[in-house]
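Let me begin by presenting the structure, written as C-alpha cells, before commenting on it.
Chain nomenclature is as follows: A, B and C, assigned in order of appearance, with residue numbering initiated at 1 for each chain independently.
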Amino acid sequence: MSTEEIAALQAELEAQLASQRATIDELWLVVSAINILGLQLGFAMLETGVARAKNTKSILLKNLADMSLGVFVWLVIGFGLYVGDGRFVSGAPHDGFMLLNDEDYALFAQSYGFAITGTTIMSGAVLSRMKFEWYILISCIFVGLVYPVSAHWAWAENGFLSVDFDYKDYAGSGVVHMIGGVYGLVGAWVCGPRVGRFVQQGFDTKSVPRPLPGHSSTLQVMGVFLLTVSWMFFNAGSSGGTNPEQMRSASRALAASMIALSTSCGVVIIIMYIKDRTHHLAEACNAVLAGLVAITGPCGHVDPWGAAVIGAGAGVVYLCVSHVMLHRLHIDDPVDAFAVHGACGAFGVIMLGILDYQDGLVYAGSLDLLYGQFVGFICLFMWALITALILFVSLNRIFGISLDEDDQLLGLDVKYHEGYAYPEFSAQDVMEYNRTR
Amino acid sequence: MSTEEIAALQAELEAQLASQRATIDELWLVVSAINILGLQLGFAMLETGVARAKNTKSILLKNLADMSLGVFVWLVIGFGLYVGDGRFVSGAPHDGFMLLNDEDYALFAQSYGFAITGTTIMSGAVLSRMKFEWYILISCIFVGLVYPVSAHWAWAENGFLSVDFDYKDYAGSGVVHMIGGVYGLVGAWVCGPRVGRFVQQGFDTKSVPRPLPGHSSTLQVMGVFLLTVSWMFFNAGSSGGTNPEQMRSASRALAASMIALSTSCGVVIIIMYIKDRTHHLAEACNAVLAGLVAITGPCGHVDPWGAAVIGAGAGVVYLCVSHVMLHRLHIDDPVDAFAVHGACGAFGVIMLGILDYQDGLVYAGSLDLLYGQFVGFICLFMWALITALILFVSLNRIFGISLDEDDQLLGLDVKYHEGYAYPEFSAQDVMEYNRTR
Amino acid sequence: MSTEEIAALQAELEAQLASQRATIDELWLVVSAINILGLQLGFAMLETGVARAKNTKSILLKNLADMSLGVFVWLVIGFGLYVGDGRFVSGAPHDGFMLLNDEDYALFAQSYGFAITGTTIMSGAVLSRMKFEWYILISCIFVGLVYPVSAHWAWAENGFLSVDFDYKDYAGSGVVHMIGGVYGLVGAWVCGPRVGRFVQQGFDTKSVPRPLPGHSSTLQVMGVFLLTVSWMFFNAGSSGGTNPEQMRSASRALAASMIALSTSCGVVIIIMYIKDRTHHLAEACNAVLAGLVAITGPCGHVDPWGAAVIGAGAGVVYLCVSHVMLHRLHIDDPVDAFAVHGACGAFGVIMLGILDYQDGLVYAGSLDLLYGQFVGFICLFMWALITALILFVSLNRIFGISLDEDDQLLGLDVKYHEGYAYPEFSAQDVMEYNRTR
C-alpha cells in the first residue's frame, strides 16, 4: 500500500469522524431546541395560575398566539438580524433572512426558543389588563427587532459585545432574561396596577398593596416544575456543540443550574420563615426561577460553589427588588417578572465577572471580565429600556393599550373571548365575587 | 508495518465508526420514542378540557387504558404485521411477532408511539357518549390490525405504496393522522351527537348547533402545548437515522413543523377575527394542531416557505371542514378530530406532491409524485373508512356502543366510574346543572 | 510514510473515536438526567390530585422544596457518600464530596434524580398530616445519608452487594423504589390515618375504611402520564453508557418498561371489573406505576415476555398489598406508596433473579442470581426499615411530627400557607364541607 493510499484512507476516516461529530452536534441542537419549546407551556401555566380565573382564556391565548406567530416573525426578519457578521446588527443581506440554507434549520429552531422566551416573560407582567392586539404587536416587534439585536451583540460572530468586550453570557441571563424582564417592568408600569391591587390608606393616602391571590396554586407550581426541566435544556443546550470540552461545559451548566435553584429556594424559604413564621409557596416558586435566571448566564463558566453563591444571592436580590417594586414604586407586576428575570438576570451577568472559574475576579484576580460584563449589562439594559419605553408609551398614548376598570372587573374572558374558561365552576356567586374585586 | 496490517487496522477503525453511527441512530430512536409517548398526555388533557366535568374520569381512563393495553396488542400482533417484507402485510411469519430480535426493541417502542396516536385521535371524537368496553375493543383492533396494515403499505421495506407508487409520508400525515381522523369521523357519526348539541328550530325543524363549552380551557391549551413539544419528536424523530443527510432532514422537519403551526394559527386567528370581531381560543388551539397534522407528512421534504404555505392552507381546510361537519352534516365531533386530523392529514399528503423540494410539482414540474400521493391518499382513506364502518356499525347494531340520553345527562363518571372527578367542586347546584343540559 | 507515522495516525484516530464515544455517553447522561427531573412534576401532580383541595399548597411546597433543597444536600454529602470506592460506604475522603472533578458533573445531576425520587415517594404516604419542617428534615436525611448508602451498596465500584453477591438492579426497583416505599410505610404508620379515613363499626368496634376521594382525578392521571414518560428516561438512561451493548440494553429497558406497565394495567382492570363490575380509574393509575416499579430493576435484563410476566405479577402484588394495608393493618397510605413502590419494588428485585435472560433461574437453571437478589432485598429492606423507624419514631416522640385533628380538618393550607390554593372555588359551603370530614 503506497503512502498516498494510506494518506487518502486516513483523510477519509478523519472526514468521517468530523462528519459524525457534526451529526452529534446537530442532534444535540435538535433535542434541546424541541425541549426548550416546553418553556412556553411552563410560562403559560405559571401565569394562568397566578391570575384570576376570569382572565384565564386571555392569558392562554396570548401565550399560544405569541409562540405560534413568533415563528413566522423569526423566519421573516428576526433570525436574519440575529445571525450574519455585522458589528451591531446582521450586516449585509444574507441567506439567514429567507432561511435558504439548510445548515441553519436546527439553529433557527433553537434560537427561536430563546427569542420567544423573552417575550413570554413580559406577558406575565402585563397579564389581565393589556389588550390582546397590542400585546401581540409588541411581542412580534420584540421577536423580530429587539431581541435579535441584543442576541447579535452578544452571540453573533462579530457582535461588538463579544468581540470588543469579551462579554460572556452562556445561555442568556442578560440577553434573554434581563431584557424580557425590563419589557415586563415597562409594561407593568404603563398598564398600571390591577384594579384593587393598591388601596389608599390613612390621611396621607398612602398606597398599600393588597394580596390578589391567583386562582390555582397547582398551575403555578406546575409551571415552575415544567420550566425547571425545559430550562436545563436551555442552559445545557447552549454548549454550542458536543466536542469533549463543549459537552463538559454542558454538564457543568446542568449541575450549576440545579445547584443555583437549590440555594436560591433555600435562602428564600429561610428568610420568609424568619420574617413571617410561615411557609410561602409563591415566593418559593419565584425563588427557584430567580436562581435559574441568575445562573443562566454563568452556568457553563462557574464551579459548583460559585453556582451556590450565585443562587443564594439571586434569592436575596429577588426578594429585595420585589419588595421595592411593590411597596416603594407601587408597580404591580403579578408574576414578579422584573424582580425575577430583570434583576436576577442583571445579577447573573455581573456575578459571572466575579466567579468565572477561569477569568473571574476571584479566580484570575483581574477586573477585565467584570468590566466586559458591566458594559454588556449597561448596553443590553439600556437597549431594552429605551425601546420598551418608546413602544409602550407611544402605543399607550396613541391607542390606549390597557383595559379600563369595568372591563378588568368583568374579566377579559367574558369581554373578549366568549365566556369563562371554567364555565361549570363559575356559579352565580363566583361571578358576583368577580365583579366586586 | 505490512500492507495487510494496515488494511486490518483501517477496517477495524471503519467498523468502529459504523458501530458508533449505529449507536447514535439507536440513541436518537430511543430519545424520540420516549418523548413521543408524551403525545398521550397531550391528547388526554386536550380531550378532558373540551368535555364536561362529569365525563372527566371516563376520558382519562380511556386514554390511560388504550395507551397501556395497546402496548401488549402491539407486542402480540401489531408490530409483527407492520414490519416484515410482504407486499400488503407482514409476509411470512418472522421474529417481529414475538419481538425475539433485540435489534427491534427501539423500533418497537418508537413505532408503538405512532400506532397509539391514531387510536387516541379517535377517542376525542366519541368522547362522553361511547361505552368504555367497546372503545377499548375498537382501539385494540385499530392498534393490532388496522394501523399496522396502513403503516406497512407506506413504510415497510416492500410496502406496495412506497415501492410501487413512491408514496412519501415523512412522519404520517396520511398513515397516522388521516386514518385516525377517519375513525373519529365514523365514530362520531355512529355514536350520534351529544345530548343538547343540536336544537330543532323553526317550522322546517332545522337542526342548529349549540355551543357546549368544555369544563377547562386550561386543560385544552395545556394539551396543545404538550402535543406541540412531543410532536416535534414525532416529526424530527422520523428521520430514520442520523447520518448527515438524515440528521439534516430531522432539522428540516423541526423547522418546517414550527413554521406550519405558525402560519396555520395566524390564518385562523385572522379569519375568525374578521368573521366575529373576537379572539377564539378553541379555534386557535385546533389551528396549531391542524398545521402540525398537515406538515407531519411533508415536514422532511419541504422548504421553509413550502411549510408556511402548507400551514396556512391547513388553517383554512380545518375551518371549512369543521363548518361543514357541524352545520351541514350535523355530525358532532367535540374535538374536531376529523377536521383537524382527517382533513388536514389528507391535505398534507396531497400538498407534499406539490411542494416536495426535490420531486414536487412546483419544483420538478412533474406530476409523478403527486400521482403517488393521490394513490396513497385514496388507499389509506378507503382502508380506514371501510374498516371503521364495518367495526362501528356492526358493533353498534349488535351490542349498542353508545350511551342513552339519561346516562349522558348524568355523566359517565357517576354512571361507570364511582363518582365525580372533582368531588369537592361539584356542589348540588352544579349537579343539577349537569342534569339539565 | 514510515511505520511509526502510520501507527501514530492510527492511535490518533482511535483516540478521537474513544473521545467521541465518551462524548455520546455524556450526552446521553445529560439528556436522561434532565428528563428524570420530570418525575418530580409527575409525583407532585399525582399527590396533589389524590389529596383534598385544602392541602394542595402544602403538598406542592413539599415537593418543590424537597427537589430544590435536596440538590444542596446531595452536593454537600450525598453524592460523596454514594461514589467512592469503599465497601459499605464512600471510603476515604475524595473529590466527590466537593464535586471538585468536572468529570462528575453529569453523573452528579443524573444520580440526584434517583436520590430525590426515593424521598418523593415517601411524601405521598404522609400527605396532609405531617408538618412541613419535619418532612423536609427527614427528606434531607434520606437524600444525604440513607439513599447514598443503599446506592453505594448496589452500584458503586466496590459496593458489597454488587461485588460480593452479584446483586443486579438496572435502574433501582430495590435501591430507589423499595426503600422509598418502606419510608412511606413507616411514615404513614407513624403519622396515623387521615381524620375520617376509618370509622368504628359494630359492637366489636371494627375499623372500616371509608373512601376519601382526592380533589382532582385529572391531576392524578396527569401525574401518571408524566411519570411514565420520565420513567422511561429513568430506566433506559441507566444503561451506563452508549457502546453498542449498553445502547441495546437501553432499548431493551425501554421496551420492557412499556410492556410491564401494559400487562400490569390490564390485569388490574380485569380483576377490578370482575370484582366490582365497574372501571376504577385510581387503581388503573396505580397499576401503571406498579408495573413500572417492578420492571425498573429487571428492565435491562429481561426479555419482552419476562417483562410481561413481571408486569402482570406486579398488578396482583399491588392489589393484594394495598388490600392488606388498608383492611388488615389499617394503615392509611393515600397514594399506596408502599403497595406500589415498596412491595412491587421488592417483587421486581426477586423476579429478576428468576427471569434474567442470561443468569435467571428460568434461563440458566441456577439459583445464584436469585440468591444474590434475595440478599440484596433483605439488606436494602432492613436498612430502610431500621433507619425509617429510628427517624420517624424518635422525631415523633420528641417533637410530634403529625398534625392534630382540628388542623387536619381545617387543612394545612389555611393553617400554614396563607389560605386556599383555589381561593375562587372555595365557596362558603365548600369550606363548611372541609370542616366536617
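Keep this in mind: contacts are C-beta pairs under 8 Å (C-beta built on N, C-alpha and C of every residue); 3 or more make two chains touch, one makes a residue touch a chain.
Keep in mind it's a predicted model, so treat the numbers as computed, not measured.
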Numbering shared by both copies at the chain B-chain A contact, with half separating same from different: different
Rotation angle superposing chain B onto its copy chain C by C-alpha atoms, nearest 5 degrees: 120
Between chain B and chain A, distance of the C-alpha-averaged centres to the nearest whole Å: 32
Shared interface positions of chain A, touching two or more other chains: 6, 13, 17, 20, 24, 27, 31, 35, 216, 425, 427
Interfacial residue positions of chain B with respect to chain A in the complex: 3, 6-7, 10, 13-14, 17, 20-21, 24, 27-28, 31, 35, 52-53, 213, 215-218, 221-222, 224-226, 228-229, 232-233, 236, 242-244, 247-248, 250-252, 254-255, 258-259, 261-266, 269, 278-281, 284-285, 287-288, 304-305, 308, 425, 427, 429-430, 433
Chain C - residues contacting chain A, complex: 1, 6, 9, 13, 16-17, 19-20, 22-24, 26-27, 29-31, 33-35, 37-38, 40-41, 44-45, 48, 56-57, 60-61, 63-65, 67-72, 75, 98-99, 102-103, 105-106, 108-109, 112, 132, 216, 219, 416-419, 421-425, 427
